[in-house]
Amino acid sequence: MSALLAAATPTTTWYLILAAVLFGIGAVGVLVRRNPLVMFMCVELMLNAVNLSFVALAKRLGDIGGQTTVFFVMVVAAAEVVVGLGIIVSIMRRRPGATADDITALKG
Amino acid sequence: MSLLAAGGGEVLSFPILTALVLVPLIGAVATLLTGARRPEVTKLVAVFSSVVTGGMSLWLLASFETGDAGFQFVSKHEWIQSWGIGWHLGVDGISLFLVVLTGVLFPLAIVGCDPHHDEKPYLAWILMLEAGVMGSFLSLDLVLFFLFFEIVLVPMYFLIGRWGYDQRVYAATKFFLYTMIGSALMLVGIVTTALLASDQLGRVSFDLVEIAEGANFAASTGRWLFFAFAIAFAVKVPLFPLHTWLPDAHTQAPTAGSVILAGVLLKLGTYGLVRFGVYLFPEAAVWSREIFLTLAVIGILWGAIAATMQTDLKRLVAYSSVAHLGFIVLGTFAFTTEAISGGVMQMVNHGVSTGALFLLVGMIYERRHTRQIAELKGLQKVAPIFAAAFMVVMLSSIGVPGLNGFVGEFLVLIGSFSTARWWVVIGATGVILAALYLLWAYQRVFHGEPDEANSSFRELRLREGMILLPFIGLIVFCGVYPKPMLDRIEPSAKALLVRVEERAGFSAPDVIHAGDDGSDDHGSGDHGADDSHGEEG
Amino acid sequence: MELVVFVLAAAMILVGAIGVIVRRNPVHAALSLVLTLFGVAVLFVAQEAHFLAAVQVIVYAGAIVVLFLFVIMLLGVDRTEDITIEPFRIQRPLAAIVGLGVIGLVVASVSASRDVIGRGSGLEIPAVTGDGDSNIRQIARNLFSDHVFAFEFTSVLLTVAVVGAVMLTRKVKNGKGVS
Amino acid sequence: MLDLIWLVPALPLAGFLVNLLFGRLLGEPKSGIVAALAVAGSFAVTAGIFFDLLSRSEHDRSHVDVLFSWMPVGSLKVDLAFLADPLSITMALFVTGIGALIHLYAIGYMHGDPKFSKFFLYLNLFVFSMLMLVLGENLLVTFLGWEGVGTCSYFLISFWHTRESAATAGKKAFVTNRVGDWGVMMAMFLAFGAAGTLSYSGINHAAEEGIISGVTATAIGLMLFIGAAGKSAQLPLYIWLPDAMEGPTPVSALIHAATMVTAGVFLMTRVNPVLEVAYDWAPTLIAIVGVATALFAATIAVAQTDIKKVLAYSTVSQLGFMFLAVGSGAYVAAIFHMVTHAFFKALLFLGSGSVIHGMHHEQDMRKMGALRALMPVTAITFIVGWLAIAGVPPFAGFWSKDEILLFAFAKSPVLYVAGMAAALLTAYYMTRQVIMVFFGEARWNDHSEENGAHGDFKPHESPIVMLIPLVVLAGLSMVGGAMQLPFSKDLHFLEKWLHPVVEFGEADIKGTWAYDNKYVLLGIAIVVALAGIALSVAVYAKKKIAAVEPVLLANGWHYDSTISRFMGGPGRKAFDAVAWADRTIVDGAVNGVGRVVQSAGGTLRRGQTGAVRNYAAFIGVAVVALLVWFFLRGVVL
Amino acid sequence: MNNVDNSPIDWPSIDWLAITPMIVLLGGALVLLVVGALTPRWPRSLYALATVVLTIPALVIEMVLWNRVGHEGPVAVIGDVLAVDRLALLAWIGITVATALVALSSSEYLRREQLDGPESYAMYVLAAIGGMALASANEFVVLFLGLETLSIALYVLAASHRRRVESQESGLKYFVLGGFASAFLLYGIALLYGATGTTNLSTMGRFLEAEVFVNGDDAMLLAGLALLLVGLGFKVAAVPFHFWTPDVYQGAPTPATSFMASVGKFAAFATMLRVLLVALPSRADDWRPVIWVMAIASVVIGSILAVVQTDVKRMLAYSSIGHAGFILIGVEAAGHAGDTDGLPSSLLYLTLYSVLVVGTFTVVSLVSRTGDGHTDLAAFRGLSKERPALALGMTVFLFAQAGMPVTSGFVAKFGVIKAAADNRSYAVAIVAMIASVVAAVLYLRIMISMWLSDAESGDDQREKVAVPFTSALVVTVSVAFTLFAGIFPGWLIDASRDALVLVR
C-alpha cells in the first residue's frame, strides 16, 4: 500500500495538470459569468493557477526564481484588484446592478 | 552613358528640372500665403508661377539637344541614402514633350477656368498638381516617381471633390481609390524590383537607369514585376476594363480638372508603361504584348461605342479618351520605332485636343449650366466662332490629317501594322467610330435651329479665344509640321526599342526598302543592337 | 502522505473554483474563491513554498477576497445571477471549447514535455531543507539580487494603483453627467 | 514652271486664309471674287505646268517637288511633296478649271446668303484639299487631301446646318467616307509593309519590280478600292451621295459630281501597277462592282422626282462606269470618262441649280415643266449636257462611255451587256428629266403657294455670272470627246499623254474581237442611246406608254432605308448594350467590389457585439487555435 | 554544506544612468501628485507644462544613453533585467515624446471636461514609466510588471472621464479583457519558465539556441509561446485579440486613446520584438506563421471594419488595428534568419505612427467638443470652413495614415513593405497594400466630412471648435514631424537600423 502510495507520489506534472484545469475553469468562468465582480474573481482563479504552476516548476527546477515571480504576481494581483474594483465601483454607482451584458453601449 | 549625360547636365549651373518641380510648389505655398483681401493678387501669384514654369519648360525645349537619345539636364542627388533612393531627374525625348505640355497646359487651365468659389485653395491645389505631374514625368528614380505619381492624387481629389459638380464626392473617391489600388501593387513591384536588382547591382538602389542597365531579371520574375507596374499604369491610362473611374472623374471635375486630367494626368499611365514597364522589363513587355494589344483594341472600340451612347457631353469626351488612349497603348506594345514615337506624340496630341475639348465643354457649361446633349441645340447659328473652334478641336480628335490627332494615330497604326497586324485592322475601325460619335454629338449640339434657351448662347469672348488660340495653333502646327517633335522623340524611342530587341529578342519584321534608305534598319542582329545601345542613356 | 495532501488540496481547489463559476450569489462565489485560495496555499506548502503560502493566505484570502466582499456589500450587488439563462447562444459552446481546449492542450503539452522539465535549470540550488527560514531567505536573496529592479519597480505599480483608485472613486464634481 | 507647282494648292489656301481672316470684312461679293480668283490663278498655273510637261519627252513628264519632310520616323519617311505628272495635272486642270467656273457660278447662286463668305471659305479649302489629293507625291499627302475633301464636303453638305436633314446628310457623308478611309489606311499600312515607302513612285516601282507579292498587291488593291468605293460612292457605300444633295447646288456640282467623287478612280489609276500585279479576280471584282453600281443606280434614277437626286444617282451610275473601266484595265478610258463626266455632270448640276434658283428653291420635277422658254440659256446648256450623258455622238460622253464599254467587252461580254443596259437606262432617265423640267406643260403654277413665293410666282432666268459657266461647260461637253477619238491611233491624245502613268497597268486589248469590231460596238452604242431617248419620249412626252416608276425604285431598292433601320434598330441596340454593359458590368464590378467590402464589414462588425464576454470568448477561441497550431508544430510536425 | 545564510546578498551593480530617465519621470510624477494635493489649484495648463518640462531631462538622458550605446554597445543592466540597447532607447524616446505631446494635448481636454489636473498627468507619466520598463525588459518578471503598470494605468485613464458612461464602459471592458489576457501571458511565461528554467530573456535565448528538442519535448515550450503571443497580441491589438480596441478607443477620453495608441503600442511592440528576437529566435519558424496570419488578418479586418464605421474615433481604432498589422509584417520579416530589415522597419513604423496618431487624436479631441461626445463624422462637417488650419493638419495626418508619399506614413509603409519583400513575403506585402487602399476609404470619409460636405441645418448652432495654444502646438509639431520625416526620413531610418543590435 505504501509502496503503491509512494509510486503515486504526485509529480510536478500532476501539479501542472491541476493548474491547467484550474486555469481552464477560471477562463470558462470569465466567459459564462455576467457579474463583473465574479468575472474578476475568475481572473484571480487563472492567476492562482499560474502561481501554482510557477511554484511547482520552481520546485522541480530547483530554482527559487519561480517563487519570487509568484510574489510579484501577487503584488500585481493586488494592484489590479484595487484598480479593478475602483472601476467597478465607479460604474456601479452610476448603474446599480448592471451586469457585463448590460454594458454594451460601445459596439459595432 | 548615364554618367555622360549627367556630366552634360552638370555643365548647366541652373538645375532646371528641379526648378520645374519646385517653382509650382513654391507658387502653391505663396498662393496660400497671399492675403484674402486681394483675390487678384492670389490669382496673379498663381498665374505667374505657372507661367514661369511654362517658360522654363519652353526653354528646356529650346535647349534640348535633338538627336540625343539619353537623358539630358540630369540632376542627381542623394536623398534617402540608407534605402538607395535618390533625387534623380532627367528628361529625354519621351518625356520632353509631356513636360512641355504640362508647362503649357497649366497656365492655360489656370487662366481659362474659373472655380467660382474658394479660389485660393483651388489655385494652390492646381499648382501642387503641376509640381506632382512635372515630378512624375521627370523622375528617374522609382520611388521618386512613385512619390509624385501618388501625390498627384491628392490635389486632384480635392479639385474634383471641392470644385466639381453634383456627384463630385463619389467621383473623387472613386478616382482616388481606383488609382491607389493600382499604385499599391506598383509599390510592391518597385520595392521588389530594387531588392531583386540589388543582387546584381551589389547595393539596393531605386535608380531607374541603374537598375535598367545593371540588372537583368529572370523571365518569370520580370513578368510578375512588370504586371505589378502595369496594373497601376493600366488603371491610370485607363485601359479597358479598368476605365470606369474616368468618365465619372471627368464628368464631375471642374473644367480645369478635366483639362488637366485628360491633358496630362492620363499620360502618366501611358508614359509609365513606356518608361517603367517596357524600359525596365522588356522581356515581360514583349511576352505580354498580346494581352495589352488586345485590351487596347477593345478599349478603342468599347470607348468609342460607349461614347456614342452618352447623353452627357463631358462623359462623351471622357469615353473618347478611353478610345484614344487605347491607340497609345497599342503603339507602345507594337514595339516599332514608328509606333512608339507615334504613341508618345499621340500622348501630347491627345493632351492638346482633348484638353481643348474639355475647355470648350466647360465653356458650354458656363453658359448653359448643362452638359446634357439633349438640352443643347443649334449653337452654331448663335455662336459660329465658338462652333468653329469646337469644330477644329473636334476634327483633331477625330484624326483628320493636317491636324495633330492624325499624326500620332497614323504613326501608331502604321508602325504597329508590321508587328500587330490584326489588332491594327480592328483598332483602325475606331477612327470610323470616332467620326460617328463626335459628329453626332456635334450635330445635336451645334446644328439645327436653336431653341429659346440656346438662342441666347454667348459667342466666344476675347479672353476665351486667347486661351483657345494656343490650343488650335498647336493642333494645326503639330499636324502640318510634326517633324521637330518627331526628331526629338525618335532617338529615345529607337533606343528603347533597341533595348527591347536586345533584351527580349523581339524584332519587328524587316521592312523592305524599295530603293530609298535602308541604312536605318538595325535589324535583329546583335551587333547593330549593341552599337546603337551606346546612345542609350 | 503527499498524495493525500495533493488530492485533498486539489479537491479544495477544484470545488472552490467550480463554486466560483456556478454559485449564483457573488458572496458565495467569493467564499468559494477563498476555498480555492486555501487549497493553493496548501499546495504551496507541499511544494515547500512556505513564504508564498503565508502570503497567499494573507494577501489573497485576507485582503483581496475581503476587498471583494466589501465592494459587493458596498454596492449592494449581492443579487443572485440567473446563470441558467444565457443571452448569447454561442457563448456557452464557445466557453466549452475554450475551457476544454485550453485544459486539454496545455495538459497534453505539459505531459508531452514532462521529461524535459528541469533540464534547462542552470542553477544547482541545494534541495530546500525543512528549515522554514531558508525559503524566506532564498526568496529574499533572490529578490534583492536578480529581481531588485523588479522589486523596486513594484513601487511604481503600487503608485499607479493608488493614484488610480483615487482618480476612479473620487466624487464627481460639477454635478451633471454627460453621456 | 514646274517649280511653281506648290502655287497650285497654295493659291486656294491663300484664298481660304484671306476669307478666314477677312471674309466678313470683304462681304458679298468680294469674298467670292477673291475665292474665284484664287482658283482661277491656280488654274492658270496648272495650265502653265501642263504645257511645260507637254513640251517634255514622255519619260520626263514627272516632277517631284518636296516642300518639307512631314513625318520622318524610323523607316517611315514621308515628305510633304507634290508630284506633277500627266495624271495629276489632268486632274488638277479640270479641278481648278471647273472649280473656277463653279466659284463664279456660286457668286450668283449664293447671292444674299448670310454666310456668303463662309461658303467660299469652305469652297477654297475644298479646292486646296482636292489639289493636295491629286498632286500628292505619296499616299499620305493624298490621304491628307482625301480626308480634307471629305471634311469640306461635310461642311458644305451641312452648310445650311439649321436644317436637320442637311446636318444629318453631312454627318452621314463623313462617316460613310470614313469607312472607306479605313480601307485606304489599311492599304497604306500594307504598302508600307511591303514596299517600305508610301510614295507612289516607290510603291509602283516595287510592284513593277515584283517586290510586292501578288497577295499583298491584291490586299492593297482591294483596300484602296474600299476607300475608293467610299469616296466615289460605289456599292455598298454609295448611300451618302444622294443625301449629299442637301448641300447648295454649286457644291453638288463641284464636289459631288466633278471632283471629289472621282478621287477614288484617280487613286485606283495612280496605283495601277499594284492592281496589275494583284490576282486577276481583284480587278474583275472591281469591274463587277462598278457595273453593278452603274446599273443599280440607273434603275433608281429612273424613279426619282427630285431634280438633284436624279443627277446624284446618275453620278453614282457614271462613277460605276469609271470603275468598270478601272476593273477592265482601261485606265485611260476611266480618266477620259472622268473628265468628260466632270464637264457634263457639272453642267447638269449647275443647270439644275439654275433651275432651282429660278424656281425659288423648288427641286421637285413634278412641279416644273416647260421651263425652256423662261430659262433659255439654262435649257439649251442643259440639253447639251443631256445629250452628252445620254451618249449621243458627237457629244463628249459618247466617246468616253464607248471606250469603256469597248474594254469591258474585251474583258467579258457580260460586263458589256450590263454596262449597255445601264447606258440605256441613263439615256432613258435623263430624257425623262429633260422632258419633265423643260418640256410639257408648266406645273409650277399649281404649287406656287407652298413654295413660299409671294404673290406672283414666275420662274426666271439666272444672272449672267451663273450663265457663263453653263455656256463654257456646255461647250466643253460638246467638244470634250476630241481628246480621245477612237478612229485612229493618232487621235488618241489622252492615251499618249497619260501613257507614262498607265503603261504598266493598261490592258492590252489588241487582237480581241471587240477591238477588231469596235465600229460595230460604236453602232450598238448609238442605237442603244437613241432607243433610250425614244422610249423616254414615248413615255413622258408622247404619253404613249404608261410610266413605270415603281416605289421600290423610288426608294432606292430600300437599300438606304434598310441600313438606316439597321443602324437605328439593332445597331443602336448593340451600341446601347455596350453602354449598358459598361455601366452595369464593368463599372458594376467596380462598385460591386466596394459593396462587397461594405457588406463584409457589415457582417464582421456584427461580431463586435459590445458584450465583453463575447470578446473574451472570441479571444479564448483564438487562444485555443493558437495552442492547437503550436501543439501540432511541437508534437505532430 | 553550510547554509549560504550569512554571505552578503550579491547585489547587482546598478547602472544608475540607465534608469535615470525612469527615476526622473517617477520623481516628477510624485512631485506633481504631492504638489497637486498640497497646493491650491494651479492654472491647468501649468500641469501640462510641468509634464513637458519633466520629459526634457529624461529625453536628454535618453539621448546620452543613445550615444553611449553607440560607443560601448548595448548592455543589460541591474542583474541583466533591463536591456539598454537602441531598441529600448528608441522606444523610450518615442514614449517620452509621445507622453509630452499627449500631456500637452490633454491640457485643453481636461479643462473643457472639468476633470482633475495633476493626477491625470501623473498617470500618463507613470504609465510611460511602465511602458519604458516594458520596452527594455530583459526579464519576464520585469516585463510583466511593466506591462501591468502600463495596463493598469491605461485602465484608469480609459475610465477616467467619470461623467461619461462610455468612458467607464471602456475602462471596464479594457480591464476585464486586459486581466484575462494578462493571465494568458503570465501562464505562457510560466510554461516557458518550466521549459527553459529561466525567466531571463537573454538566458532563455541562449539556452534555446543550444538545446535540441526531440519528438514533442518542446510541446510545453510551444504552449508557453502560444500563450505569450496571446498576451502580446492583445496588447498590440492584433486580430484576433483586437476586440477591445474599438470599444476602448472610442469610449476612453480622447487623450487617453492617443496615449494608448502611441505609448501603449510602442511599448508593446518593442517588447514583442525583444521577446521574439532575443528569447525565441530559435523558434522563429514556429511563431513566424502565427505572426504572418495575425498581420494579414489585422490589416484586412482592421481596414474592412474601419470603413463601415461612422464614429471617427472608432474608425481610427480599427485603423490602428490595421497599422498594427503593418508593424506585424515587420515583425514577421524580422523572424527570417539573417534579416536586417524587419526590426528596423517595425521600429520606424512605430516611431512615425506614434507621433502621427497623437496628432490625429488631438484634432479629434478638439472636434469632440464639450462632453467629448462629438466624434461621429458629422462633427467634422465644415471643419475646413470653421478651422481651416486644423482641418489641414488633420488632412496631413489622414493622408499620412493612408500612406501617401511626402508624409511619414509613406516612409513607414515603404519600410515595412521593403522588409516583407526582402524576405519574399510578397503575398503579405500585396494584401497589406490592398488593405491599405480599403482603409483609405475611411480617411477619405473623414476628409469628405471636413472639406467636401455641405453644411446642414443646425451646424451653425453647434459649439465652435476651440483651438487653444497647447493643442495647436501639438498639432503643429506633429504635422511638422509628419512632413519632415516624410521628406527627410534618412536619419530615422538610420536610427532604427542601429537598433538591430540587441542585448542578447
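Each chain carries a letter (A, B, C, D and E) given by its place in the written order, and its residues are counted from 1.
Operating definition for what follows: a contact is a pair of C-beta atoms (placed from the backbone, for glycine too) under 8 Å apart; a residue touches a chain by one contact, two chains touch by 3 or more.
Every value quoted in this text rests on a predicted model; they were computed, and no experiment measured them.
Colleague: From subunit A, what is the lowest number of touch steps before subunit D is reached?
Modeller: So the least number of steps between the two chains is 1.
Colleague: Kindly list the shared contact partners of subunit B and subunit D, in label order.
Modeller: Common contact partners of subunit B and subunit D, which must touch each of the two, are E.
Colleague: Fewest touch steps from subunit B to subunit C?
Modeller: The least step count works out to 2.
Colleague: Would you identify the chain whose C-alpha centroid lies closest to the centroid of all protein C-alpha atoms displayed?
Modeller: Per-chain C-alpha centroids ranked by distance to the global centroid put B first.
Colleague: Please identify the chain with the largest separation between its CA centroid and the CA centroid of subunit D.
Modeller: Following the centroid criterion, the farthest chain would be C.
Colleague: Does C-E or D-E have more contacting C-beta pairs?
Modeller: Most contacts of the two pairs: C-E.
Colleague: Just curious, how far off is subunit B from subunit A if you go by their C-alpha centres, in Å?
Modeller: That gives a centre separation of 66 Å.
Colleague: Rounded to the nearest whole Å, what is the centre-to-centre distance of subunit A and subunit C, using the mean of the C-alpha atoms as each centre?
Modeller: Measuring from centre to centre gives 4 Å for this pair.
Colleague: Return the distance between the CA-based centres of subunit B and subunit E, expressed in whole Å.
Modeller: Here subunit B and subunit E have centroids separated by 44 Å.
Colleague: Between subunit A and subunit E, what is the gap in Å from one C-alpha centre to the other?
Modeller: 27
Colleague: For subunit D, jot down the residues that touch at least 2 other chains.
Modeller: If we look for residues of subunit D contacting two or more partner chains, we find 605, 608-614, 616-618, 620-621, 623, 627, 630-631, 634-635.
Colleague: Where in subunit A do residues touch two or more other chains at once?
Modeller: Residues 16, 23, 26-27, 30-32, 34, 39-40, 57, 60-61, 63, 65, 68, 72, 76, 79-80, 83, 86-88, 90, 94, 100-101, 103-108.
Colleague: Which subunit C residues touch at least two other chains?
Modeller: Within subunit C, the residues that touch at least two other chains are 88, 91, 94-95, 98, 102, 105-106, 108-110, 112, 117-118, 120-121, 123, 141, 146-147, 150, 154, 157, 160-161, 164, 168, 177.
Colleague: Give every touching pair of chains, nothing left out.
Modeller: Contact pairs between chains: A-C, A-D, A-E, B-D, B-E, C-D, C-E, D-E.
Colleague: Could you please specify the touching residues of subunit C with respect to subunit E in the complex?
Modeller: Spelled out, the residues of subunit C in touch with subunit E are 105-106, 108-110, 112-113, 115-123, 126, 131, 133-134, 137, 140-141, 144-150, 153-154, 156-157, 159-161, 163-164, 166-168, 170, 172-174, 176-179.
Colleague: Help me check something: in the complex, which residues belonging to subunit E touch subunit A?
Modeller: Touching subunit A: residues 140-141, 144-145, 148, 152, 155-156, 159, 162, 165-166, 168-173, 175-176, 179-180, 182-184, 186-187, 189-191, 193-194, 197-199, 246-247, 250-251, 309, 314 of subunit E.
Colleague: List the residues on subunit D that touch subunit B in their complex, please.
Modeller: It comes out as residues 68-77, 80, 118, 140, 143-144, 146-148, 151, 154, 158, 161-162, 164, 166-168, 170-171, 174-175, 178-179, 181-182, 185-186, 188-190, 192-197, 202-203, 205-206, 209, 211, 575-576, 578-579, 582, 586-587, 589-590.
Colleague: Give every residue of subunit A touching subunit D within the complex, in rising order.
Modeller: Those residues of subunit A that touch subunit D are 27, 30-32, 34, 39, 100-101, 103-108.
Colleague: Taking the complex as given, what residues does subunit A use to touch subunit E?
Modeller: These residues of subunit A touch subunit E: 16, 23, 26-27, 30, 36, 39-40, 43, 46-47, 49-50, 53-54, 57, 60-61, 63, 65-66, 68-69, 72-73, 76, 79-80, 83-84, 86-88, 90-91, 94-95, 100, 103-108.
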